[in-house]
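These are the structures in question, set out in turn.
One chain, subunit A, links the two complexes that follow: it is found with subunit B in the first and with subunit C in the second.
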Partner chain A sequence: MFSLLLWVWIILGGILIGAGVHFIPVGGAPAAMSQATGVGTGTTMLAAASGLTGLIGAGTAYYTHPGDFAYTIVMGGVSAALMISVLAFIANVMYVYGAGVPLASAKVKYDPITKWRQDLYVSRGTEGHGSPMASFISGILGAFLAGVGGALVFFALAETYKAIPGFSATFGSYPAPYYISLAAAFAIGIFFLNCVMASYNIGGTIEGFHDPKFRRIPKSIAASLVVSAVGGLFALLISVMLPGGI
Partner chain B sequence: MAEGEQSPRRLMVIGIIGALIGMYLARYLNLWTGTAWFSFFAGLGAICAVYYGADAVRRVASYGLGTGVPSIAMLSFGAGQVAVLLGLAVAKNYSIWFAGPVIALILAAIIGLVNGVMARRVIKMNIHIMEMSMTEIAMAASLVILGLSTVIAGSFTFNAIMSYVVASGFIIAVFIVGAMAMFHPFNACLGPDERQKRTLNLALSTGFIAMLVAGIASGAINGVQAAVPTLIIAIFGWIIYYLRFFADTKQDAAAMLSTGLIPAEEEVA
Partner chain C sequence: MDPQMMVELGALTLVGGAALIAGVAEDLESDVGSQSNPNSQVQLAPQMGYLHRLYNKAISGEPASYPFYAAIGAATALSVLSVTGNNSLIGVFFALVAGAFVTALIHGVYATTSYMGRLASQSRFGQPIYMDVLRTHTPVLMAHGFVANFSVLLLTWVLIAQHLSPFPFVVLAFIWGIALGGVGSAVGDVHLGTDRYYQDRPYGSGVNAAHSGSVVRKAESGLRNSIDCAWFCSKFGGPLTGLGFGLVVYLHFWKEVVVKDWWSAVAGIIIVMIFVIMNTYLERYSRQRYGTYKEETEAE
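Our next item is the complex of A and B:
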């Protein structure tokens, strides 16, 4: 019942979630007042938005094509990336047309992707506004990585729980079987474990891959490895503890 | 930092013992009478755990996490959720279902401690109570999840929680509403004039809101028997403690703290 390969997938998924957070332009409270670069909310909310969308995508893919590994993880990644691009785009529309600030980063002089000048457009006393091109692209990449990570965790757990006797039953007329519900609930738990660890590592805010804080990524990978190894082990042990099913 | 009238140890005893007594009362009385009228005891137990967890959040978040207060509660609920279902599965496997909540509590402490060690030693957060706080918040989170799940399912055996709370999807409502009940009090009250009594009165009021949500969900599983007593107690409890919180707020608002003089114009730039 306990598969070492599936445990490795959970750990790998956790590391991808932790690494993905480092790419996402998390602005935190200052960005909500358009005083810092990024989407104006904390990692917890961004993770809940894009991570849960990724899991819904992965869960739908897994349910319609059971056991299709590639389809599940790509759907997870694409759904999360779609959600973060909608979030960053709508936030940018509000910054530009609502708050009246240009999109600019204070951490670099030139945008690494468009090569456009940044420092001239940063208002005095602030650390940038909105999500400029580098942060936007970085956010899409990061959400894709984190979505793939979340989908890997979900896939590993769903494959494990599918083998437990009785877990293919459904709750009343509710169409999804038990193992999908349990795998989704735990995938959310392990997603939060890793993304909060990563957000502690970046101190709550980051602009994207061009931010100097991005170099702290090895510490986050080490923390994610241990945290998701323990969380994943606990989640997988449930299948060992239920030899007779429910 | 974040001193208060109630010591952490006293709150820990109230939270853990209160939550366990509530859950066992709900389970045993429901089993003994063959009804679901007594599910609300588990909700009161969950409120004890919210009370304890909100103080643990308050102690650690007063150092400034850098990511907002909600992050630590969400992390701990992620850990607590895994610990709860594994604890109940272990209890089922060894046919010691009455020990399920205690096993879940111990597993939550282990996973919380691992998270705390990682946050302090690997990520190098400069908060010396990190390990202890993460352990305590994960323990409180597991008790809140288990308490609210017991309200919904009327029992805390693995089969009941799995069928009525996880498979039906209520686990996500329990997860979010339980975490909000725990992090909201300090998130709303933080600042230089934060006072333990006011924060904890708000924690009790948010705890009753969590119980209200669990009560609505319990109506879908156990019908009127479970829902009506839970909803009545939750609504009255929420009104009482929200009014107390409001009175505390008015009382504390009379105090004034000096923040220094306004800087001269040339220094503002």
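Our next item is the complex of A and C:
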């Protein structure tokens, strides 16, 4: 059933996704040549890879504990954080043993967490390599936020679509009802909306919360608020527009 | 032990193994096809005056192309199953093969048009289109893509058949495709981009931005092509990517199968903490082992 509270959850989820993307250390294409600190892939894609893995965790949690709000969002966050911690660690193993470079950041002189010196370990002509501790922790926090945001969106949509007549039915021997599938598909859409908004705001690479670009986050929050409000409204109104909708 | 849990753990082992193979095949496919972050160097090389015989297809980033291959494969497999029914194991197996086969064909079409289009646009720099490269590389990358996509479809099918995820087949395959592309482009590419494309530079340093585009063009014998790069990366980059994706999938479901309810969240947090500790040791090891690039006085 359409509810204003569920719309608020979607907007809040969108803001968390947009904010979470800013925490995730993204090196982009230069990171593959060990020219930039962070994980070597695009902003949107890395956030989506971790956040949507969180969505799988949230979906399973919602399915095994129907309607349990806290469990769903916590499992979403933890699953996303787990994914990025494995990914960033294995990427760091590749930097250390495959490329033979130490993990270092070029944006700060001392790591804000370990207090280890950074600038001496940055090789000539590069902007750092790998994910040092500050970026690693920042990535885990960012993925947790993005996972929680994705789970909030999924929860709100699933609760809405559950009330549509016929959507609690299942297909053949497949046990999960229709509304979970529909909520997952729309949650992926709203996830990508917010990831792309945030990645335009970042513009290329970011090392985590210690990067000067991180200060751009208020703009992203405002953009996410608008985008999630409009996108969320359309996603929720489907429950009204479908035959038999409320 | 609970018999249901034993069955789920067995399924999880199969899923982890399939994810490992998917990761290896995905990374080697991106090495043969040069799709991904290091492709920026291959793309740049002719503009800098370095003509090469490397394959050049950046259809899109790996985390964007793999979910779509997986979704196409899953949709094809489902349509085959809707005719044959999913009662027999062999029927399901052939449906998944059919799904992966269709993705391989689509992959081949994209790769061919991408290679021809990209190199045709570089004719102003004198870069030729090598038809033998197109003829020899395209089937190799299609084959690697087939293995990767089949493994993703297999692991998705096992997860759904064991009721480990409530998501539908296509959506779940799509999400695992994004995760696979993310791991492949974050891990395996570093071996190709930092080491293989710049083997003539001193080892143990990031590639100086001033050297961008000057990729190695001579091989151990003759001129280098992208299949040589896959041979090199299969020694470390590919297996490590496989390990990464295998761990992502395995640990994700391990924490939900072995421990239940809120304990699975606790188990997830403990695993994250273990990775943080291991990363601390790795970072300290790399600093002590490799040392600094410049003296303290130089930095001041």
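Going forward, the second predicted complex is superposed on the first by the 243 of 246 C-alpha atoms of A that agree within 3 Å, B and C clash if a C-alpha of one lies under 4 Å from a C-alpha of the other, contacts with A are read in each partner's own complex, and residues count from 1 in each chain.
As a convention for this text, a contact is a pair of C-beta atoms (placed from the backbone, for glycine too) under 8 Å apart; a residue touches a chain by one contact, two chains touch by 3 or more.
Quick caveat, the model's predicted, so the values are computed rather than measured.
Engineer: Given the alignment on subunit A, is it a clash or a fit between subunit B and subunit C?
Structural biologist: Clash.
Engineer: One more residue to check, A:124. First (subunit B), second (subunit C), both or neither?
Structural biologist: Both: A:124 reaches subunit B and subunit C.
Engineer: Based on the superposed arrangement, let me know which partner A:98 touches: subunit B (first), subunit C (second), both, or neither?
Structural biologist: Touch status of A:98: second partner only.
Engineer: Would you sort A:28 into first (subunit B), second (subunit C), both or neither based on which partner it touches?
Structural biologist: Both partners, subunit B and subunit C.
Engineer: Figure out whether A:219 sits in contact with subunit B (first) or subunit C (second), or with both, or with neither.
Structural biologist: first
Engineer: I'd like to know which partner A:230 touches here: subunit B for first, subunit C for second, both or neither.
Structural biologist: first
Engineer: Counting residues of subunit A touched by each partner, does subunit B or subunit C come out ahead?
Structural biologist: The partner that reaches more residues of subunit A in the superposed model: C.
Engineer: Just subunit B (first), just subunit C (second), both, or neither: which does A:196 touch?
Structural biologist: first
Engineer: Quick one: is A:185 in contact with subunit B, with subunit C, with both, or with neither? Answer first, second, both or neither.
Structural biologist: After superposition on chain A, A:185 lies in contact with both partners, subunit B and subunit C.
Engineer: Intersection of subunit A residues contacting subunit B with those contacting subunit C?
Structural biologist: Comparing the two interfaces on subunit A, one with subunit B and one with subunit C, the shared residues are 28-29, 42, 45, 48, 124-125, 174, 181, 185, 188.
Engineer: Quick check on the complex: what are the subunit A residues that touch subunit C?
Structural biologist: That would be residues 28-35, 39-42, 45-46, 48-50, 52-53, 55-57, 59-60, 62-63, 65, 71, 74-75, 78-79, 81-83, 85-103, 114, 116, 119-126, 128-133, 136-137, 140, 173-176, 180-181, 184-185, 188 of subunit A.
Engineer: What part of subunit C is in contact with subunit A in the complex they form?
Structural biologist: Spelled out, the residues of subunit C in touch with subunit A are 36-38, 40-41, 61-64, 86, 160, 163-168, 171-172, 174-175, 178-179, 181-183, 185-195, 197-198, 203-212, 236-237, 240-241, 243-244, 247-248, 251-252, 255-256, 261-262, 264-265, 268-269, 271-272, 275-276, 278-280, 282-283, 285-287, 290, 292-296, 299.
Engineer: Flag every residue of subunit A that touches subunit B in the complex, lowest number first.
Structural biologist: Contact set of subunit A toward subunit B: 28-29, 42-45, 48, 124-125, 169-172, 174, 178, 181-182, 185-186, 188-193, 196-197, 199-201, 203-204, 219-220, 222-223, 226-227, 230-231, 234-235, 237-238, 241-243, 246.
Engineer: Under the touch definition given earlier, write down the residues of subunit B that touch subunit A in their complex.
Structural biologist: Within the complex, subunit B touches subunit A at residues 65-68, 70-72, 74-75, 77-79, 81-83, 85-86, 89-90, 92-93, 107, 110-111, 114-115, 118-119, 122-125, 158-159, 162-163, 166-169, 171-172, 175, 269.
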